[in-house]
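Paired with chain B in one complex and with chain C in the other, chain A is shared by the two complexes that follow.
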Partner chain A sequence: MDDTIIAILRSGTPLIYVTLAGVLAQRSGIWHLGLEGLMIIGACAAVLGVVQSGSILVGLGIGIVLCVLASALLWFVIEKLRANPIIAGLGLTGLGLGGTDLAVQAIYGSQASVNAPFGLPRLGPAFGQYGVLSILVVLMPVFVIAVWVLTRRTRWGLQLAASGEHPFAARSVGVNPARMRLIALCLGGVLCALGGAELSMGSLQIFAYGMTAGRGFMAFAAVIFGGGNPLGATGAAFFFAIVGALGIRAQLLFGERVPPDFLLALPYIATVIGVWISGKLRGGAKAAASFGELKDY
Partner chain B sequence: MTSKIDMLKAKALSRRTFLKTSAGAALVAGTAGSLALPTRAKAATGLVALVHTQAAGDNGPIDSMIAALKKLSEEKGFPIRTIYAQDSATFPSIYESLADAGAEVIAGTFNEVAEPIKELAPKFPDTKFIQIFGDPFEPVMPNVVTVSYDYYLGCYLSGLFAAKISKTGKIGYIGGVSLPPLNADLNAMKAAAASVGADKSVTGAFAGSFQDPAKGHEIANQMYQDGIDYIQTDSAATDTGIIQAANEADGRMVSAISPEQYKLGPKSVAALVALDFGQSLYNEVEKAIGPDFKAGHLSTGLGTGVVDFVLSPTWVEQGPPDLVAKAKEVWPEIEKARADIIAGTLEVPFNTEL
Partner chain C sequence: MTNGNATALACRDISVNYGVVAALADVSVDFAEGMIHAVVGQNGAGKTTFARVAAGIVHPDKGTVEIGGKPVPVGNVGRARSAGIEIVHQSFALPPSFTVAEAMEFGAEGRGALYSRRDLERRWTRHLDALGVRVKPRERIRDLPVETQQAVEIARALVTDAKVLILDEPTAVLSPSGIDNLFERLKVMQANGVTIILILHKIREVLSIADTVTVLRGGKLVEGPTLTTEIDAPRLAASIIGTTADGLSDTDRDALVGAAEEDDDGTETAAASVAAGPAILDMRGISTRPDPEGPALVDVALRVGRGEIVGIAGVEGNGQRTLVRALSHLADITAGTVELSGIEVTHQPLSDRRANGLRVIPFERNSEGLSLSSTLWENWAARSLLRDGVLRLISPAKIRKACSAALKVWDVRFSTPNQPAGSLSGGNAQKLILAREVDEDATLIIAAQPTRGLDVGATAFVWRSLREARARGCGILLISSDLDELFDISDRVVVMLGGRVNGEFSRPYHLGEVGAAMTGADR
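The block that comes next holds the complex of A and B.
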């Protein structure tokens, strides 16, 4: 049982950090499809930073700076150049995937995967089996609660929601929706950097091209599944991690009888069903009508 | 006024006539061209091109092929071009451009380049085409050679070795995606384990991607926790996650694909089912530029220097002493099985069904 919990925590934690970034963006009125790109930038920067400097803090710091800069770029393109947020987000994902590949090629010549000499600090043998979990797994609940408090229990959170849902009303009481979106996206950039670092340095010590393998899009689905609520979205991300772990377990147990492709598709089937149920419960048609539009009136 | 209208009519007529004449001329020219010039024989430059459909920098097949081509080019003194073709829609135009430029040999990687070669090979009879890792063409084209690799034979030896060395008798296999050749690899391991004893089992799983080390790590961890102590990897960059999982506890073994992976797990990467694409390309290009070129299909198996099962020298030095001793003890049996396969006295089933 402990093994299963550890597997779920390890696979769920990167997803949850990125999901929280998606929640912040969604509250500000932006459906963030650049999560995949930010996540891989964070994963790559953490490993390259550690390899180049020998310091985990430098690796994390570089990841955070790059993800915040990329988020600010996304904001500029959406807010100032009036680009469609969905298209701009997908563009950021392309930039992240291509940019990290280019960076690795430029720095290491012909190395597709980069190995770091060490990973994120872990709990250690004192915690028994759970000692393999990284510090970011332990901090994850703190971030979930912090984002929930920030968005649901503070004046800033209300201003952010107003900026996303009723920018005109927000502006009429002196809130600048554009600035709120910038802050939300940049905070999301920090969370994506942490999620990416956990992916590449939490249980592994490696960066490989395309290693996010669609996790950013699953985080986006978790945001929709969770209705934009940090706790709901975290629950959705955990649900996807559980289904993923069960998919592996099912392959090992029933791989002889059930096609492996079907078992591998389980998390994605669960994602589609989850988003469909969420849409039914929360008025999906209404949400879909505003999907991709940046409210600015 | 009338003359002005007539002039305009004449102008219109002349434009219409011109368009009709042009269309007719184009049609005639096109028909004549296709009838009179069915082939565009080129190839006089000595250029050898490699069109690879996976990115360079993989520490594996593509890098080894580029390095081998450069080596042969330096030895024989011919110019080379290496081109990364990512989008399948661009394959025909890349091949055609190279053939038009007079390439003597065009080598392409993997199954996806079969159709462009089939389409262009008849048009450029003086250019030789090599498809690395492809199925046989029916009928054989006189200027095309396709090469396949019996990797499953190496996996059979890996399964045999694992079944003899494993303490638990539980063996794992992790592939990237469930494809027919990878399914055959898994089935070969199962056949080998079954030949050792009914109590030996092989559990297979697929990561769903060749680029997801995190998923590889997760699957490998679950396997090791289930008592599996030897995993054969077959999943490119996903392998690194599997090797890291093996490094997390003593006594865990992995069999990988490339000598580059020895350093990732000096105490865990016990062996390799090696596939040297570079050597294979070197052999085929050398034949193509010389008098030994023979069109058709080449099935490359054990004993060719391309596919083999080898023990890691690093692991022999640094691995757990009891496992290393056991490996050395059973190795003659592996050598005998290899010799039997090469001699044809031991037949390994090629079964792509799961």
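The block that comes next holds the complex of A and C.
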């Protein structure tokens, strides 16, 4: 049982950080499809930073700076060049996947992965089996609560929501929706850097090309599932992680009878079903109609 | 001119250009403190732009704004708000998913970083109570009736210590009794020292509430601020319409500017009713499933005869949209029958109904009426192309030629049939829709808000077209929130309330009676 909980926390935590980033963007009116790209930039920067400098703080710092810069770039393309946010987000995902590969190739030659000498700080043996969990797993609930309070319990959160839902209303009370979006995307960049670092340095100590494996899109699905509520989205991300952990369990039990590929695909199947259900619950067609286009003000 | 009082809001040489169009040209005006000022003008006269410049939302190309005698940087909402100016927009500006309490909070200033739901509700309940707005703080904006929504919007504008409150066409969405309530509320605020600037376009309303009136025409100041005691309706009408309205009948002219006195309504016989012939449209006991676009229809019976214009009155959101959707086979009809010229079409698709002569001028000309990115000829030909079947070969050259000819007849100003429909002005876009929908085979024309947002000339053109169609024997269902328009051109007026028919009136119309039916006050 403990094993399963640990497995869920390990696979769920990176997803949740990235989901929170998606929630912030969604509140500001942007459907963020660049999460995958930001996540892999964070994962890559953490490993490469540690390898090059020998300091975990430098690794995290570089990841955060790069993800914030990439988020600001996304904002510029969407807000100033009026690009479609969906397309721009997918572009950012391409940039992240390609750019990290290029960085690894440029520094280490044709190597498929990079190993780090050490990972994120762990809880330690004092916590028994749970000692293998990283500090970012422990901090995850703090971030969840912080994002919830910020978006649902502050005036700033209301102004952010207004910027997304009715930018003209925001502008009429002196809020600059463009600036709110920039702030939301950059905060999201920080969260994606942390999520990426947890992925590559939390339980593993390795960066491999494409290691995010669609988790950014899963996080995006969790955002849709949560309907703009950080708690709901976190719950959805957890659900996907649980299905993933059960898939691995099932692989051990029924691996011979059921193709392992199918079991590995379970979280993704759960994602599709989850998005379908949330679409049924709150009128997906309507959401899809406004999908992608940035509202004018 | 205004006398003695200090100036609450002073605008100097305000000019705003949208592209090559001058929305405002060198407008200078002073509004005295503690009064109710009206700013009037036709659509496109620059009223809304003027209000937005004063509130800091639109950055003028030229000009300065002073509030309470102190200059305020232009185009900065934050600075304008802290100087004490607030605006209530025509189409409301509150996020629909917000609760009332959240809608109050998001524009508030000062204390209150973190809150709990209960804190927030307690804080704003007091504020709403003080303003006499009866609404639960937990209700969502989207669930409120328009009149409450507007009251909430006004309460939102007063969360700060507003000295000047601008309301952009606040009466456009209200029933006559709603307008009375609004005016009562404004008078209380005036007594509390708030200077009020009302953007209006009905002379009747101006004369009943405002202390001064300012007239804009084509972006220029043509009158005022003049005390309303020193001006009368005919002069104001002339000032608003200018000389562009030659050939308008007196009743049309009064309807355009809302100058008609209620007592005169009975004597208006200019638009003599054609004797209603056999039914073109006969709806019996129609009920629909609830629709995201508005309330469901409940047991609606409606009859439109040959050569008859039937007006549908009602506060917006009382089933008018569902009615149009039901007639266009877009809403699920659960009971009742619809007959077009004696043929039952209750469950017929729209294409069959169109073949029977149904034509629709939809509510939203830019999203439902036209494909803005398609060319004029594509938009114009859509009807006949669908009628002839999708697999038939077409000749674009021929269609373009026919389209050019048709659009000239309908007086659409365009340069080539290949230009996108989105490049047309509102009036020309509406004429394009008329050119498509009002053809010789039409028997029933549904005209939903056909003149909304149009200037004098285009409005008069639409009215003339509808009357000509009536003279040819078409039945016309005119849905409008402008009672002056309905009274001017309808042979009968049917009032909708909450998805039901709540009264039917014929000439002479009485504003009070129709207004009471619109709010259910007659029950």
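As a working rule, the second predicted complex is superposed on the first by the 297 of 297 C-alpha atoms of A that agree within 3 Å, B and C clash if a C-alpha of one lies under 4 Å from a C-alpha of the other, contacts with A are read in each partner's own complex, and residues count from 1 in each chain.
Everything that follows uses one rule, which is that contacts are C-beta pairs under 8 Å (C-beta built on N, C-alpha and C of every residue); 3 or more make two chains touch, one makes a residue touch a chain.
Keep in mind the model is a prediction, meaning the values are calculated, not measured.
Student: In the superposed model on chain A, is it clash or fit for chain B and chain C?
Tutor: On the shared chain A, the partners fit.
Student: When the shared chain A is used to line up the two structures, what angle, as a multiple of 10 degrees, is there at the CA centre of chain A toward chain B and chain C?
Tutor: After superposition on chain A, the angle is 130 degrees.
Student: Chain B or chain C: which reaches more residues on chain A?
Tutor: B
Student: Does the superposition put A:Leu199 against chain B (first), chain C (second), both, or neither?
Tutor: first
Student: Of the partners chain B and chain C, which touch A:Pro125 in the superposed model: first, second, both, neither?
Tutor: Neither partner.
Student: For A:Thr154 in the superposed arrangement: first (chain B), second (chain C), both or neither?
Tutor: Only chain C; A:Thr154 stays clear of chain B.
Student: Just chain B (first), just chain C (second), both, or neither: which does A:Pro117 touch?
Tutor: Neither partner.
Student: Per the contact definition in the header, classify A:Arg249: touching chain B only (first), chain C only (second), both, or neither.
Tutor: Only chain B is touched by A:Arg249; chain C is not.
Student: In Å, how small is the closest CA gap from chain B to chain C once the two complexes are overlaid?
Tutor: Once the two complexes are overlaid, chain B and chain C approach no closer than 23 Å between C-alpha atoms.
Student: Mind sorting out which residues of chain A both chain B and chain C touch, each in its own complex?
Tutor: none
Student: Using the touch rule from the top, collect the residues of chain A that touch chain B in their complex.
Tutor: Per the stated touch rule, the residues are 3, 7, 10-11, 14, 101, 104-105, 108-113, 115, 132, 199, 203-206, 208-211, 213, 244-245, 248-249, 251-252, 255-256, 259-261, 264.
Student: Touching residues of chain A toward chain C in the complex: what are they?
Tutor: 149, 153-155, 158-159, 161-162, 165-166, 168-174, 283, 286
Student: Would you mind writing out the residues of chain B in touch with chain A in their complex?
Tutor: Residues of chain B touching chain A: 55-59, 63, 178, 203-206, 208-209, 211-215, 217-219, 221-223, 225-226, 237, 240-241, 244, 248, 264, 354.
Student: Show which residues of chain C lie in contact with chain A when the two form their complex.
Tutor: 55-57, 76-78, 80-81, 87, 89, 93-98, 102, 105-108, 112-116, 292
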